[in-house]
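Down below is the structure, laid out as structure tokens.
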Amino acid sequence: GTLVINTDASDPAPKAAWEAMAKGFMAANPDVTVKINTFDHEGFKTSIRNFLSANPPDIVTWYAGNRMAPFVNAGLFEDVSDVWTKENLGTQLKSAASSMTINGKQWGVPYTYYQWGIYYRKDIFAKNNIAVPKDWKELLAASARLKAAGVTPFAIGTKALWPTGGWFDYLNMRVNGYEFHMDLTAGKVPYTDRRVQEVFDRWDELTKPGYFLANHASYDWQDAVPAFVKGEAAMYLMGNFAVDPFKKGGLSEAQLGFMQFPKINNVPMAEDAPTDTIHIPAKAKNKADARRFLAYVASAKVQTEVNAILGQLPVNKDATRPSDTYLKDGFTMLSNAYALGQFYDRDAPAEMAKAGMEGFQRYMVKPESRKEVLERLEQVRQRVYK
Amino acid sequence: MFPTPIERCSPLTRGLYRAGLPLALIVWLLPILAVAMTSIRGAGDMAAGNYWGLPTEWQLLENYSAVFRDTPIARYIGNSLMVAIPTVIGAIALSCLAGFALGVYRFKANLAVFFLFVGGNFIPFQILMVPVRDLSLRLGLYDSIGALVLFHIAFQTGFCTFFMRNFIRDLPHELIEAARIEGASEWQIFWRVVLPLVRPALAALSVLIFTFIWNDYFWATVLIQGDHAMPVTGGLKSLNGQWVAQWHLVSAGSIIAALPPVAIFFLMQKQFIAGLTLGATKG
Amino acid sequence: MTAPPPRLSWWRRHQRQLAPWLFLMPALLMFGLYVIAPIFESIAISLYDWDGLGEAKYIGLANYIELAGDPDFRVALRNNLLWLALFLLSVPIGLGLALFLNQTVSGIRLVKSMFFFPFVISQVVIGLVFTWFYNPTIGLLPQLLALVGLPDVAVLSDERLVNYGVIAAALYPQIAYCMILYLTGLNGVRPDLIEAARLEGAKGWSMLWHVVLPQLRPATFIAMVVTIIGSLRSFDMVSIMTSGGPYGSSRVLAFYMYEQALSEYGYRMGYGTAIATVLFSIMLVYITFVLWRIYQQEKDLA
Amino acid sequence: MASIELSSVFKAYGDHAPVIRDVNLHIAQGEFCVFVGPSGCGKSTLLRMIAGLEDISGGELRIGGQRMNEVAPAQRGVAMVFQSYALFPHMSVYENMAFGLGLAKVDKAVIREKVTAAARVLQLEHLLERKPKALSGGQRQRVAIGRAIVREPGVFLFDEPLSNLDAALRVQTRFEIAKLHRDFGRASTVYVTHDQVEAMTLADRILLLNSGEAVAREGSVAQCGSPLELYHRPRNLFVAGFIGSPKMNFLRGRLVEAGPAQATVRLDGGAGELLRAAVDARRLQAGAPVTLGIRPEHARLGGDEQPIVRPMQWQERLGEATYFYLEAGGGAETFVARAPGQAHAGAGTRLAVSLPAEAIHLFDAQGLALPRTVEAADIRLPEAA
Amino acid sequence: MASIELSSVFKAYGDHAPVIRDVNLHIAQGEFCVFVGPSGCGKSTLLRMIAGLEDISGGELRIGGQRMNEVAPAQRGVAMVFQSYALFPHMSVYENMAFGLGLAKVDKAVIREKVTAAARVLQLEHLLERKPKALSGGQRQRVAIGRAIVREPGVFLFDEPLSNLDAALRVQTRFEIAKLHRDFGRASTVYVTHDQVEAMTLADRILLLNSGEAVAREGSVAQCGSPLELYHRPRNLFVAGFIGSPKMNFLRGRLVEAGPAQATVRLDGGAGELLRAAVDARRLQAGAPVTLGIRPEHARLGGDEQPIVRPMQWQERLGEATYFYLEAGGGAETFVARAPGQAHAGAGTRLAVSLPAEAIHLFDAQGLALPRTVEAADIRLPEAA
């Protein structure tokens, strides 16, 4: 039969990856015709709500973690635990298993993820005699030295809000650890908690001296790339997808380095690694082929191929490791990670995420507003998680 | 300055005026000129930070063909046309009928119905957002051109009816009576007498509604999700997300999106302004 | 011609009474379905807690109570008022431009039509252009400021400036609009009144104030109407230029309701429609006023 | 081709007082009837009721003997010429004239024949392809008439058809309408105008309508009769004042004596002159207040038959005639007398004006005319030798 | 308060042929001068040049002896009443009248006094608070006049001030304007109209303007003189035809004999009648083609002085008078004769019309009038005993 797939793969690389997947699947299953509907990346986030109930496809792309919860709770996603059992995905996709599980059941299959971390300018570090910082103190020292040399330590563009989430995730996971972070995003801890205050104490050490790119609220993350490329800024906390624009901007591997976010407190190091997933809508027409497709995508071979095109990491542990320097580094880092976060806006419910990131942005622009920001976040938390 | 005609002013004032006019025009259009200029800039200029000066290389063809090649802008434009043209036809057809009814007949509810259309036309249409989205979903039209067309027809019918009614009511009533005496049925009066007479109004309205619809962004955002039905305004916005810092492409895209209404405006300027002000000044 | 009057069919006898309703039906159906009914539906939805997926839960006025304490809503409302106040500047500026352009020199027609451009072009395009204009690294504005030795500002990420920046961009087409209205209004200024006033010794300001402006009252009225409505409906510019940022300081009601109801992080249909209802009631006062005025006019004409 | 009968016709708009009250009128086949009256008295309303453009609130309308109250305009066999001509601007002259026949599904060839014939009569043949916009006022007027005649209606209705033409053209078109009526004489015509000359020259019969509270008192019809009947024998003060220009002079007085052929009246103002009037005032008692009327053209300056002497306030010399404006006295307005063009006088001169007994009209306190006892002295000019 | 002098005044719009050519005119202080002429002849243009609303293309304008060509309208000491009244619709009657004084920074109390005085004269006192919209046509007209008089200008200009009023009101307002002129007699007045009666009755002097190619040939002024001068002694055919209503009858003929006091003419049409005219035609040779003119009111029906006999086509009985339309013959238009109201005749009757020698005008082939040898027989009415 026909297998209808709705994806948000509107960018060139994902688009190519999905075309490859479709082709491969059809080759393996000549009886199935795959039809891909590509949606605008941003528009997809709203349209999925509509087509899931009104006109469901057989497969949709989505995200792991809390982001998937509303659809699971509304009964719009199919329980695919059977696929997991049958294909033994519990072991193959182990790193993502927890983020795919709600109420003890699995609701989809992850097919790619990527690491977050600090990309830095090796050449500028070298010029200013800075070694790769290992802990918070060194990071502050490096920042101070860069600042003195007229280089902004951190590039960032917060217009789209979410880049602030990366900073909060990392600061919180390094200061309070993964469990606390998960409790917080699950609404179990007030934002006015002393431990959250400590996160902002650390953050203050960056914002107050002006270690972030000026006017960052005017920029999207890509707008800040030129500053990094031109050497006006020396570090950039980002997901691995940023490497492509860095390289396109003219940075060579000799100039561009990757490091793990440094240690702050003595807690196990967890990392952000957002995972992209596929699901079967509860009202899909062709669930049989859809299950076959899930199994197909879960396989190590397919994940290897797809991620080669995507320039990201396969979730399947048996997949071949990538050859790209930064991916390799990332893979190593994630393999040793204590745990993986999905990212603030996927771990926290949408409304909280929105308010949270807006608050972080406000704080980053006006550090003196920290108290109000946190009080406001606490208000929102109380409403959202009631 | 008005009402003294400039010919009656001193030669000095006259000279100043003549010189000031193009200057004022350039300042006024500066943003648009900058975009136009940037749309033909080469990447070199962009890299060199030459964003506002004269372009050093002319990459008219390169930039525009890049836009068409690398983005679905042609598709967006097609979508916009597929939304705008049926909307214009539909809204005008409905409003001609309604405007005729309100402009020609005296009946009790006349003014009430008229105010319904006028008032509906003034509401902040955002209030319709959620229900219209639901309605489109229920009709199975959500995220399709049909959804946009139907909504636009309905909403524009308010304005068009307001406009047509005023126009038709200003026609000499004797014409209708004469036709009645000559033996025309009500439909024949509409079709053979009134419709030919409102042709200028139709032209004016069509042009105006076309630009309104072409430039609509809100409803495109609310009712359309995918590229397959996205009109050019919404498309431009999402392209802007991909084209960060590629201002020459953003500019070329903007110019492409702006061109159809500007062209129509230039071709049918008289109708456009007539439409705008007839509808308006009667308010 | 002296044929006996034909027996009239029912249709013939009632044709004139029924005709208006038949002519009105299609428009009324569409308008009722898509505009009138949704207004009430919106008001109804605002009494529910509904995420658009599951069951809607009736919660009475809870959404409104929450609104009353919602600082974001207050900011949006305040911004809307700021929009309203500043947007009205387009009326006098449009008038000034119209007076400036209302001359008969060669080529003036072309100049006038070029001045209309911003109105014809989509707000999306204008929003993009102004975003670029304000861009702190490459924008023209910071460069100009630097030229005169002022510190550069990031208009769109400064909560004190962002509203002014967005409104300035929105004013651009609106001024053109008002200018068109006034130019047409000026065509209708009666030359005999101007001449009579000139004979009475009026010129310059006294002419403008006592003779020209009063005659432009219909144009002024409509310019105010469209400007006020435009300011309350403002969505495009905010969405394009800032998406309400930084941290929500440039939100307006129309955008906030969209965010709450339909955006990526939203899906609070009830809450969104509650905002819509508030906006609608603000506008209703105004619509009533406009309709009342039209009613007066109609009465005068009848 | 059809007579028109109005029986007790009423018209009220909405809940307002009736505009038209109790009109009874029979217009014979071929008759030319002119409606006149003050502005707003309901002339157009009455005409439009005949046309079927307004509902009839009460009473009956018959055309050619058939009740027409509920019949649609097109079925009444009437044609109407509007003040604004109401030509369809998007149709050529030919199409305008052929419109009604086309709707009636008349054969194309027949239409062409009829339109061409009408165009020939109206000298519009060379204009048939033009749009109304490209015609002069007079030509448009003729097209409107042409559109009316091609349908060969039984009744022609005209609503102030000449008021948009300039003076010279008005005169000429007036002749044409008169001529057409003679040529197409079998159709009845109803013609509304506010122009006295049109009314006097075109009408077989004039219907003068009341306005204001007189409508409630005595119905809409003030007087209906031939033009000269209204001129010479107005039924009341309103008619006397309305017909004739400059209007009739009125003087207050009291009846002194009333005989079968003559009455004597003493004027209130001036020297309290005694005047004889050729009027049968016997139904009034001596001493009853009366109003004496005389037209400016009948008051003879310098004559010595029953002269009254009044100071002149002002004169207007038109060349052709001189109008003297005299102080009337007795609370009346200025008294106007017409004299030949050569006459003039110094300001303030006391002039003698003779008011011949047979030119005087007399009205009672209610404004009703007393019957005049002289016939209008018609002089039939003889054939020259 | 001020005389007006126009010396060789020209006016051309843009590159077009001059609309006004070579106007020389002296309007004395206190004089009432009326401009008449065919539509489009430049009456308004000339008036507006005096007002300063149009530039003067050539020549000089002096008001009160001062050159005014370059002076701003407000400084010329003129006030104008427009055809449309040009009242400011958003101002009350009081504000309208006070507007000019207010701009001239006249003391508030003085303004109030002047406006009240003017309002009293014009009977507008109870209307001072109204807006123009709430006034009748005649009242608006009076406000416009009031606005003009409060400024006590030296010159009053009127551009067809009565043409938007209905007939009765027109007559009344005409009287008022005449009265005002007498009362405020020191101001000169220029008055444009297309109404003959207004021109004849109001003017001290009439300026009749040429239009069309006559302007290029002989300048804009067709004739300038007192009303009766234009009526009795028109300078040429154009003036003769323009002044008088119904217009003068023209008959073609040839000169037979010319004496110092009389000329004999043989008519072209009809029976080729020989007619004597009280005209000095000695500058023409016998046999020269001439046009003979006689006004309808001077052609006497049934008279036997120089009768011509013509068949009647049509008559119009107005009550006051009867107009007979006769076949003129000889290629001329219809011949109109006025008779008293009682007269009438059967259609087609051949009627005798007498054309008295002293009522006949004669024009040469160029249309120029030959000098008439009789004085207009003015009859001054005597004071009554």
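A, B, C, D and E are the chain letters, set down in written order, and residue numbers restart from 1 in every chain.
Heads up, the rule we're going with is that a residue touches a chain if its C-beta (ideal position, glycine included) is under 8 Å from a C-beta of that chain, and two chains touch if they have at least 3 such contacts.
A quick note: this is a predicted structure, and the numbers were derived from the prediction, not measured.
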Check every other chain and keep only those touching both chain A and chain B; list them.
C
Fewest touch steps from chain A to chain C?
1
What chains, if any, are shared contacts of chain C and chain D?
B, E
Greatest separation from chain D - chain, by CA centre
A
Write out the two chains that share the greatest number of C-beta pairs in contact.
B-C
Centre distance in Å when chain D and chain E are each reduced to the mean of their C-alpha atoms
28
For the pair chain C and chain E, the C-alpha centroid-to-centroid distance in angstrom is 57
Could you state the distance in Å from the CA-based centre of chain A to that of chain D?
95
Rounded Å distance between chain B and chain C, as computed from the means of their C-alpha atoms
14
If you look at chain D, which of its residues touch at least two other chains?
72, 75, 151
Multi-chain contact sites of chain C, meaning residues that touch two or more partners:
203, 262
Identify all positions of chain A at which a residue touches two or more other chains, and write them in rising order.
42, 46, 53, 223, 226
In the complex with chain D, residue positions of chain E that touch it:
39, 166-167, 171, 175, 178, 196-197, 200-201, 227-228, 231-232, 243-246, 295, 297, 301-302, 307, 309, 314, 316-321, 339-346, 349-352, 376-385
Chain E residues within the chain C interface of the complex:
48, 51-53, 72-74, 78-80, 82-84, 86, 88-91, 99-100, 103-104, 147, 151
Can you list the chain A residues touching chain B in their complex?
10-11, 37-44, 46-47, 50-51, 53-55, 220, 222-223, 225-226
Note: in the complex, chain C contacts chain B through residues 15-17, 19-21, 23-24, 26-28, 30-31, 33-39, 41-42, 45, 98-100, 102-105, 108, 111, 113-118, 120-126, 128-130, 132-133, 138, 140, 143, 172, 177, 180-181, 183-186, 189, 194, 203, 207, 212, 218-219, 221-222, 225-226, 229, 232-233, 235-236, 239-240, 253-254, 257-258, 261-262, 269, 272-273, 276-277, 279-280, 283, 286-287, 290-291, 294-295, 298
Any idea which chain C residues touch chain A in the complex?
51-54, 66, 71, 134-137, 154-159, 242-243, 245-248, 259, 262-268
